[in-house]
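Both of the next two complexes hold subunit A, though its partner changes from subunit B to subunit C.
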Partner chain A sequence: MKGLWWKVLALLLMLYVVLAGLLIPLKSGIQSVEPMQLTAGQQQTIRVEGYNTHFESGEEIRAWLRLGSPRVEGKEGRDTAILSNSVKVIGVQDLSISFQVPAYLPTSDGAARASLIIDNPKDGAFVLPEAIILKQSEALAGPPSPQGWSSQIENLSASSGITFPFRGLLAETIRNQYFHVSLWFSLMILMLAAAVYAARFLISGRSEFDRRSEALTKVGLAFGMLGLFTGMVWANFTWGKPWSGDVKQNMTAIALLIYLAYFVLRASVASDQQASRIGAAYNIFAFAMLIPLLYIIPRMRASLHPGAGGNPGFGGEDLDSTMRMVFYPGIIGFTLVGLWLAQLSWRTARLKHKIQERLLG
Partner chain B sequence: MIGQIITLLGLEVRLEFRQRASLAGVLLFAIGTVYLFSLAFGSVEPRLWNALFWIILLFGAVNGLGRSFSRELTYRYSYYQQLTSPLSLYVAKVLFNTLFLLLIGLLVWGVLSLLFGNPVKDIGLFSLTLFMASLGLSLILTFLALLAGRVNNGPGIVAILAFPVVIPLLLTVVKLGAVALRLIQQTSTNKDLLLLFGVDLLAIGLALLLVPSLWKEA
Partner chain C sequence: MQNLSPALFLQAAPDFIRSIGKIYVVVAVIVIVVLGLFAYLYFVDRRLTKLEDQIQDDE
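Coming up: the complex of A and B.
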């Protein structure tokens, strides 16, 4: 069967994305630390709640508090850290860690932010950045000193098994990357294809191109709605509300309205030929509006969305190579499924057209 | 081409002066709305003043420009097709509609000032915003009017098509207006003006591309 292979590929990719995207566990991480503020010069104990961790015995677990580049009298110091002196396992996800914090901080600011690093041979090493604020005790006021801050962070264990990154803010919703973001990527491809077919129709006048353009727009619009809903699910977790009137959400809603108007416009033209011509011109217009609405205006306003309002895009550390192994197939899979749906739609339209012609003689 | 545009623009202006139908209609709508507001609210604070001004301009534009091509697309269609290129007709319409909206905007500004006082602190910025808004609305709505000209229920369709497209423009314009009224402190005014300019440029580019093919067939 000619033309079957890419449909099989689409199915396999979607199956892979759903299974891998939902089943692969997250890497271990630190969910919370209590208390969040420690005073220098004392033996201090903190309670740590982990995520997806398998703590067994305290002996093999090590923990560090690391100050990121402390400043001494205006000069940047070296990274400095202290090692825990005892780790007690309370449960597979709970630890109690004690540190002997030296009397003087190696920074002249009087306080410093410290990251908590935990190394467990079973789960590998993981970090909670800026977990704890260390304060210089007022009773022991004195000059900053690097003494006691020279622990080396070394011999870290690697985690075994395939995992997705753990990000405290996102937690399990990081998997939405494979659905929400892939849907928007494939929507851009489908809508671009629809606009290209619309332009080809305007140039050549072949009605087949218009049928393809309309079918691709239909599927693109459906993907846009799915993209919007998956985005709302994500926003409900990370931003607190499914709809917070963010500029990215508003502009997306407007873009979808513009595409909805495409179908209203087509439906309100009596003659098929006119509907095709007007629809094709409007389709190009709509695509030209889509780009600034989704990618330019949100960048110029304050927004919560990654890649907008000066935020970095979702990439770098958040999108590691394991995620890319699911994310890119996701884009291809969704695009192929979209093309498949569109093809079914335009083939039906072509058959209807043929029947109509035959009936008219 | 330029000669054609000037002739067509002159024709539009003369027809409007002779008939005064659309100008009078939109003006009546605008002044009626302002007057209703003054009856309902008594006094209007600057925030509401700003919103009121731009919303009246938007609805006036949709009402007034939605029927831009009602003459050309009916009985005179084939006559026009022999005489002019579609682009010069479109450009003439855009220029006329921009002037039309500027006039409406200035009159609404005057009436609002008369009834509620004039809260505009930065007159230069406000005028520039009004001009950019008129140009943008005129470019987009004239295009949509041509698109909807051959459709049943044309003006209704223009409203459906226009609102989503015009919202980003209107949001930017309302923000710039608020800056001109000193309601908000804004450092990115240039960015917003650039955005307006970009929308206008986009509309011009699309019109150049699409108007000829929209016009071609009856």
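Coming up: the complex of A and C.
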């Protein structure tokens, strides 16, 4: 069999993506904090439930409440935070943390949002943004004061081992990035190849190019359906329902219908040659519509998908370098699988064409 | 030998998803499915190659 190497590569990449994508653990994180509201000027204790943590008594576990408010004056470059005065380990995932909250908040609106940062020698440091609301006690009404809020967050431990980011809303579903998102990226490559072959067919008139274009579009459409359904499963867990009428979901549905019409169009033209020419021209236009539908319009509107409002799609904690190590091979793997499927399809079409020619001539 | 007590084993579990060890069953199943699909692709590909060769020989 000719050209076997890239098919073997496809298999190896897919196995790697499944193994690494499912087995690399998530970084430690904070699942829940109870209570979520604390009053200033008191000794307060919170219960924290961690995720993938390894709390152990006898180790130095530290916690901070850090105010993220930019309205705190005269403290540039310093943390506005308080350090815990005792951390009790209840279980590997559970802590009881006490804070002496100063009598006055450093902000003037009587309440402040605080992030909870926990540092554990084994798991490294991790944070739950806006974990707790701090309220000024009414009995102790007074001017805002920065006093007592100057604990530095320093000497943080680093976690050992490879981990994926822990994101509260996504949790373990962050692994879908390697399957759902890779699938969409490879669809773009397949559809681009289909459009290029369509253009080459129109230029040269060689029927081989048309067969390739059609086969690639077929596989691309199948990937699109899978992408849509996998997205709905994912959305059900993170956005609450499979179809929220999100702009990217709607535009995707339209894009898939446009490609579906390609096959309807080809099938409705009686002459094979005309079907090929009209189909190829349509295919180029369909690809020209795919880009704005999937990548431009959703970014101009409010969308649940990352990348809404003109921001770059991924960055920071959404896609760190550990995730890229699985995500990019995933894109290549899915693309090669798609190419293989398309190749089988166009080779079958070519055989059929040859047999027909022989029967006729 | 004290490290072998089950309670300590659980405590030393690497993380939630692998804590009971059943995730490996899922991974094994998916790996078999992937291998099976690729094997199927390979056999279809080989059969197609044979047919192509036959047609080529006839010409």
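Following the convention adopted for this analysis, the second predicted complex is superposed on the first by the 344 of 361 C-alpha atoms of A that agree within 3 Å, B and C clash if a C-alpha of one lies under 4 Å from a C-alpha of the other, contacts with A are read in each partner's own complex, and residues count from 1 in each chain.
In this section, a contact is a pair of C-beta atoms (placed from the backbone, for glycine too) under 8 Å apart; a residue touches a chain by one contact, two chains touch by 3 or more.
Just so it is clear, the model here is predicted, and its values are computed rather than measured.
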Contacts of A:S268 with subunit B and subunit C, given as first, second, both or neither: first
First, second, both or neither for A:L15, with subunit B first and subunit C second: second
Which superposed partner A:R347 touches (first subunit B, second subunit C, both, neither): second
Which of subunit B and subunit C A:Q37 touches, first, second, both or neither: neither
Of all residues in subunit C, those that touch subunit A in their complex: 11, 14-18, 23, 26-27, 30-31, 34-35, 38, 41-42, 44-46, 48-49, 51-52, 55
Residues of subunit A defined as touching subunit C within the complex: 1-2, 7, 10-11, 14-15, 18-19, 22-23, 25-26, 51-52, 54, 56, 92, 172, 340-341, 344, 347-348, 351, 354-355
Complex contacts: residues of subunit B adjacent to subunit A: 143, 147-148, 150-153, 157, 160-161, 163-165, 167-168, 188, 191-192, 195, 198-199, 202, 205-206, 209-210, 213-214, 216-217
In the complex with subunit B, residue positions of subunit A that touch it: 202, 251, 254-255, 257-258, 261, 264-265, 268-270, 273-274, 277-278, 281-282, 284-285, 288-289, 292-293, 296-297, 300
